[in-house]
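Below, chain A partners chain B and then partners chain C, in two separate complexes.
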Partner chain A sequence: MADVINVSYDTQIPNNVNLSSDRKVLKALEKWHPGYLDWWNRLIPRNLQQSMVYLRTAVSVDPKGWAKFDYLKMPDYRWGILLAPRLEGRTIPCGEHKGQPAWQEVPGEYRNLLKRLIVIQGDTEPGSVEQQRFLGLTAPSLYDMRNLFQVNVEEGRHLWAMVYLLQKYFGKDGREEADDLLRRSSGSDEAPRMLGAFNQETPDWLSFFMFTYFTDRDGKMQLESLAQSGFDPLSRTCRFMLTEEAHHMFVGETGVGRIIQATVDAMTRAGLTDASDINKVRDLSVIDLPTIQKKLSLHYTLSLDLFGQEISTNAANAFNAGIKGRYMESRIEDDHLLKDSTYKVLDFENNQTVEREVSALKAINMRLRDDYVKDAEGGIGRWNKIINKAGIDFELKLPHQAFNRKIGAFAHKPIDPEGQLLSSEAYSAGLSDWLPTTSDGDFIESLMQPCYEPGQYARWIAPPRVGIDNKPGDFEYVKLHMA
Partner chain B sequence: MPQKQHLIDPEICIRCYTCEMTCPINAIEHNEDNVVVDARICNFCMACIPVCPTGSIDEWRVVDEPYSMDEQLSWSELPEQDVTVHTDADQEEGDRISDDDPIVALLAEAHKGVGGVSRAPVSASRPTVNLYRPNQPMKATVQGIYRLTSENSDSEVYHIILDFGGKPFPVIEGQSIGVLPPGLDEHGKSYLPRLYSVSSPRDGERSGYHNVSLTVKREEQGICSNFLCNLGLGDTVKIAGPFGSTFLLPSDPEARLLMICTGTGSAPMRAFTMARRRTAGVQNGRMVMFFGARTPDSLPYFGPLKKVPSKFLKKYLVYSRQPGQKKEYVQDRMLVERELVAGMLQDAHTHIYICGLKAMEDGVDKAFRNIAESVGLKWSRCREVMREESRYHVETY
Partner chain C sequence: MKDIIDFRVDPSAYCHWSVVYDGPVANLIMDVDEREGLFDGYELKLNSYDLGVDIELNDIVQRMRFEHPEVKVVVLQSGKDRVFCAGANIRMLAEASHSQKVNFCKFTNETRNAIESAEEDSGQNYIAAIKGSCAGGGYELALACNYILLTDDGNSSVGLPEVPLLAVLPGTGGLTRLTDKRKVRRDLADIFCTVEEGVRGQRAQSWGLVDEVVVNSTFDETVQCRARAFATKSVKMDVRQGIALNVLKRDVQSDGSIDYEHIQVALNRELRQAMILLKGPRQAAPVDMKTFQQQGDQAYLLKLCRELEDAILHLRTNELEIGLWIFRTQGDPESLMAHEHLLVRHLDHWLSREVHAYWKRTLKRLDVTSRSLAAVVEHGSCFVGVLAEILFAVDRSYMMDDEFEGDTRPIATIALTEGNFGMYPMGNDLTRLETRFLANPGHIDALKSHVRKAIDAKTADDLGLVTMILDDIDWEDELRIFREERISFSPDAMTGLEANLRFAGPETMETRIFGRLTAWQNWIFNRPNAVGTNGALQRYGTGVRGVFDRKRV
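Up next, the complex of A and B:
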């Protein structure tokens, strides 16, 4: 009991998997650890690494004490290996092995499939930290800086979680894959990160918030479906990661919401009601709503690509093998086998968008993407409430799923945000209205000036409504090391 | 009857459903719009509070009739409330409920010895306070009452176990509850509640039963203590509370505890020890206790305490009226064990707890000063730092 719930700090690596009695894995992880620390230390600017950040650390996976808040320097954060407690009698929830006891060891026949899923998930975690490495230098407040770093250290911990699985369950090639996770690097020519969205730059804070809202939400959906895995160690790992992932969703949703709030507040103060009068709004040193829409469209569509092909044999195999379930598999009321059922997918035929009924098994990616879209829509509604409340006539929208796609049925098709197929010329001409342009980027960048006074916020972002850990408004979330 | 209801702020919630996944008894549900808590199911176990990334989950209202699920699901913002009942957000001066509250005055007086603003340990669980006001108390039944001190001792201390019959009374270690003695005072008014620190851990005197225990000394003229010490099995008691939001146990398993107490001041220390034992296991105590009484006969929990392994809890039991022996107070023994105490003073993981009679404060403070100076520390500064870092806690009466 005690060793499952409470984290062992006895060894160098905090864990609740009894690492100290697993010499082989402990040795492999201790060997990997210096490379990881080196990666971390080279990544983020030095004075920020030396600063004291008010961070949450997992000390136990028990809901009542799973996180402790305290000041620490990021390199001293205890990246640990924490798995949700094992559920007695858990069975494989889906596919041809449904109802059999969940695997505690890797099933030989699915070894490669499983390893690949873990490697892909693992690759995204350090990728996002790399993308965000310089944002601390332009943080709009200490509060936001703290949130950025919380996201970063937890992505780092999620990398640890995947590395543990690779080293514990996949022997020599698992160890090699673990090393490769540190070898690849976001945006690198020789060894880029595996997924496109993780090689894009995160140049400014609006991008960061959009990224955490849209792209981390893909991560959440992937974790949700891996949490349904019949391979129990993966399931338990992902279940605990989800608790931390919720914070990332929070940073994204409230970050964008606060930017919108600052914009509509500034517009109200200046007596502006026309959101399309971009220059007048920009003169107030806030980000105009049409540009926020463009950023939204960009990050949303990039994230849709992360779900892969609408119709996928790989996804069908993973589901059928019971190593990856659907979002909330255990709450879906069907046979969990999907042998005979069908599912509607969006496709592109004869130059138009159509719905096709296909084998539900092959449409697993599409289904997860649909669940994602639904989940993502919620926040858009709440952002629109902020705009409405201010009495400004503007509505943020998710663009059509066929817009700006690089993967799947709609890849590289000239389809506009409403889902209309256009001529290439008309499409090219419209792009600057739909996606951020260089000059939009330049304007946003011009606003990115650090604001490091406790309780102060850059003009383009409103203060949060509630402090982290219920701290008061002027709480010093980061004690900066300015030397 | 007015009751407290747990709500979620729909304007702040991001619908991540982490609370819903975490709730051990499925009291949380959602529709397309909102995530809501079912008042008929929620038992205030608080498991959902720390996992919420937004803080939206920490909302409470006192209501005559709980808001229904349908009502809550349709909200776009929370309804106003008359009284804010949950603890002060940053836990500074967390004992304050309203300025003229007599219970606040009592607690403020008890915490005076801390020498400044009391703060809860950074990693402490967030306590519920003031759930049951004195004018709407909870009824508890006596489940057990045992004399802790020997029959020969002139000190009569009882261990009293109270049961709330399955109703929520979420009290955590270090908090107090208010006992309302029956009868009227000389002005014909009901007595104010008397505060007793619970001596049981949060999950109950018996784990999972959510009953509480008190450590009560019979005072010659004490209205409430005589009432309590005369209780029998099955008798009922009116209870208000819980109260207190600073003298709390850090959840951080790395925290070291230096506990100094006399007599019934041992109650919270017992709760701390049991809580740690249940969560951390026997290996990881990191606790030291200086416990003073007149004689072993009059030291509450003498027998059970002796059985706690010293690896888990290092105990120094000190007697001031042991026949044939020199009078010894807790501060005397602290000076004898100065190396241990000095080591703890210099460790940023150490939390100090002092609980007992007001009279002990002075001697203990002097002992600390002496020990601190012997290792080149200025005690006043050291104490200030510990207090600022919420690692120095005093509750004396």
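Up next, the complex of A and C:
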């Protein structure tokens, strides 16, 4: 019996799933490995690949001490397969099989549904790494560069985690899907990633932080609901991924917070109090608050699209089958069957936003989105505190859920950030006030100059309050390979 | 619900389709407006279709032949991102009555057949350019095309998920075209039809599900390139000018009877029967094809066919309880023969070929109509050539023999023409005469010696061309008894009986679609495993799975 808490490093692939005695899956993964390395090596700029990065590596799935930190070249990162410990007597938490023992093997009748969910989740993991591939070249500090790479290698590991499930439980089909995960690529004409938000560019660091704040949070919600899966290996995989995901959102929230901090500090120093005086603020080489709001609105609305249609048969099927639960399923007090209950969804009828009671089963996506919105609101409050403290009259807000949507009831409707339906002319005219324009992008890009001195930070971003692994302020998080 | 479903469409009112004409290539773009479902209670999301969408498609396919003879290749594609076509709308199917489902499938099948035969009939080659997901009826639509291209973007797929998702069959030709047309190996087809998410990329090609898989970045270009190549290779003659098909005029009476210019449909609801009178030409035949083309959609034989088709579709869909259709004709046989003869003499003229092919398709609609069909050959009638074909399409025919007291109309005769010997084959690829005389193929040669000669009742009886000849004394009574008896039988038993007796002889893909596949589908459409309150089709979309009666039947 393998030690499920500590990770075995005796094979090429660190794992706590006793891979060395599972010859078939080991062989399959070893076959997939070179393609993965090749994908990784082609992705990140060469000199950065050769640099020593102070990374954490998962060495255990024990929540008390699961990671160790050390300098590592990214290609040498040990992408492992780590499942949270198996809970004795775990049962299926929801749907028509509720109360039955959780499945340890894939139930044949749900094979395709499960595979589809895992493939979609798996497709997002490498997608974000691809989107962020060039950001290392403009890192505002070694600290941020290290955080970027940490996020990247962990997304890579998440891909491994999904690939393991595909290889272990889904036979030949699973292997083909695993190969296709490396074939698709973000923004590609040939074979784009499956979800829209993962084909958008991440052109600058503000986008990166917004992405990790909003889009990784969607990832968190998806993982949370997959962690409720009656298919136990999926549940265990996702539970462990969530511990890593928390750091990604931390990077996002503190990143945006530090940008705001730098902005308000610079404004205070220059005696500016009017946040809307964009040009004056920009002259200070920091990002003005209205532009930060625009970026926020963009990433938030893109992330809402990731939840799919408000009313969804697929989501209902997955819940009823017990292969995907709700956020915190076990803490919800209801029958966990939802056959007769209803849920309020936002809809668009007769040219207005309305709330409609629909079958709770079909509103699973909407419910998860509501939970997401609540979860996302927290950070906004903390950002506003920074602005407040500096005595500047400006408030960041989540736009209305109907704004700028491409999927669902509000898709392509001319609705402003307050949720008001406009004429399409008025809407087009307002867009440049609500979403980043090309010139906003150009301005931000002009700030994106690398800052590679240990302990130094670009002007537009404040240093963090504490270092990673409690390291001092001038710690060299990345030893750059400058050949 | 709209009261009457009208199959006549004005192209300016299309909701779901558009066509971009580009010389010999027509780009046919499916972009279904989800709010424009024919009935309430569902939205046509993801390019899913209902009868209304298909009525437009049928209209386009028809107009393509007559109005755009310059077109040699039609490229079927989606106007939506990431989805080609999701197939028939499932909510619509779940809410539809059994008869609506059956009628819907029949009509969509006929449209698929019209697409499929467009190359042979009209030299118009349909190719499907699939980007995005193409599932169920969407893939069946592609299957009806002559060539299928699929983009290899790692996402786009073809699939027939009916069985795993809905517990019904890919019943619009899907199963049959898979095995008979594309000749997909049966075990691979078995896998294909049980995986929900379909098959993508190279595998789709190596299994024979598509003809060509193309990298995504060059897909559009490759599609246009193939289209051009097919157009160049086409043997279709170059025709510059088509004829316009104006929206057909008809007068619907309050009792449901309909008057067209050449056809009168009289309903008798008490007797549950329709009397369909086809009138012979009032004007002399056009002297040449040029004149015919100038007459355009007013040319007698074309207009008659359009009216007949409309009447068939209307009665089939809107008059479910009219169980017996009786065909009559009145007119000058010689004149009708002259009209038909012009077309027969000019088979090399595109319009002659189109009119023939149109009659062929319309007569096939009659063959698969689930109504008892009869014809009465009265004095003064003109069952000649293409109209004589109706005599061989119906289940029974009665002919007046000798003079009837007080009836001054010319004595009833019928006449065969060249048309009856191959211009209007049935779905089994035989002529109606060949099917009728399956036991005695030599008889066909004997019949040929009667071409374009009037055949009186006794001879017709001898030649086996009519069911029964009746004189003045028996006519009324025999017909009354036949009609009363016919409508007293179980409508289901009649449908089954007639569908079986009409198609003697060899099986073809078409007969297998309308016979085997449709019959199984209609059986499943009646079974609780699909349509019971707990059945999979009924429950689809609720998130709760169907509950099955596990007994195999």
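What we mean here is this: the second predicted complex is superposed on the first by the 481 of 483 C-alpha atoms of A that agree within 3 Å, B and C clash if a C-alpha of one lies under 4 Å from a C-alpha of the other, contacts with A are read in each partner's own complex, and residues count from 1 in each chain.
The rule is simple: a residue touches a chain if its C-beta (ideal position, glycine included) is under 8 Å from a C-beta of that chain, and two chains touch if they have at least 3 such contacts.
Predicted, not measured: the structure shown is a model, and the values here were computed from it.
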First (chain B), second (chain C), both or neither: which does A:R116 touch?
-> second
Between chain B (first) and chain C (second), which does A:E190 come into contact with in this model arrangement: first, second, both, or neither?
-> second
Of chain B and chain C, which one contacts the greater number of residues in chain A?
-> B
First, second, both or neither for A:D180, with chain B first and chain C second | second
After lining up the shared chain so the two structures overlap, which partner does A:P101 touch, if you call chain B first and chain C second: first, second, both or neither?
-> neither
Pick one for A:M249: touches chain B only (first), chain C only (second), both, or neither.
-> first
Taking the superposition as given, does A:P75 touch the first partner, chain B, the second, chain C, both, or neither?
-> neither
Partner chain(s) touched by A:T313 [first = chain B, second = chain C, both, neither] = second
Does chain B (first) or chain C (second) touch A:P45, or do both, or does neither?
-> neither
Contacts of A:S359 with chain B and chain C, given as first, second, both or neither | second
Both chain B and chain C touch chain A; at which residues?
-> none
Within their complex, chain B touches chain A through residues 11-12, 14-16, 18, 21-22, 24, 32, 46-48, 50-56, 58, 76, 89-91, 122-123, 125-126, 251-254, 279-281, 283
Which residues of chain A touch chain C in the complex?
-> 96, 112-113, 115-116, 176, 180, 183-184, 188-192, 194, 313, 315-317, 319-321, 338-339, 359, 361-362, 364
Within the complex, which stretch of chain C touches chain A?
-> 152-155, 164, 195-197, 203, 215-217, 540-545
For chain A, which residues count as touching chain B in their complex?
-> 1-2, 5-7, 9, 59-60, 62-70, 242-243, 246-247, 249-250, 253-254, 378-379, 385, 465-468, 470-472, 475
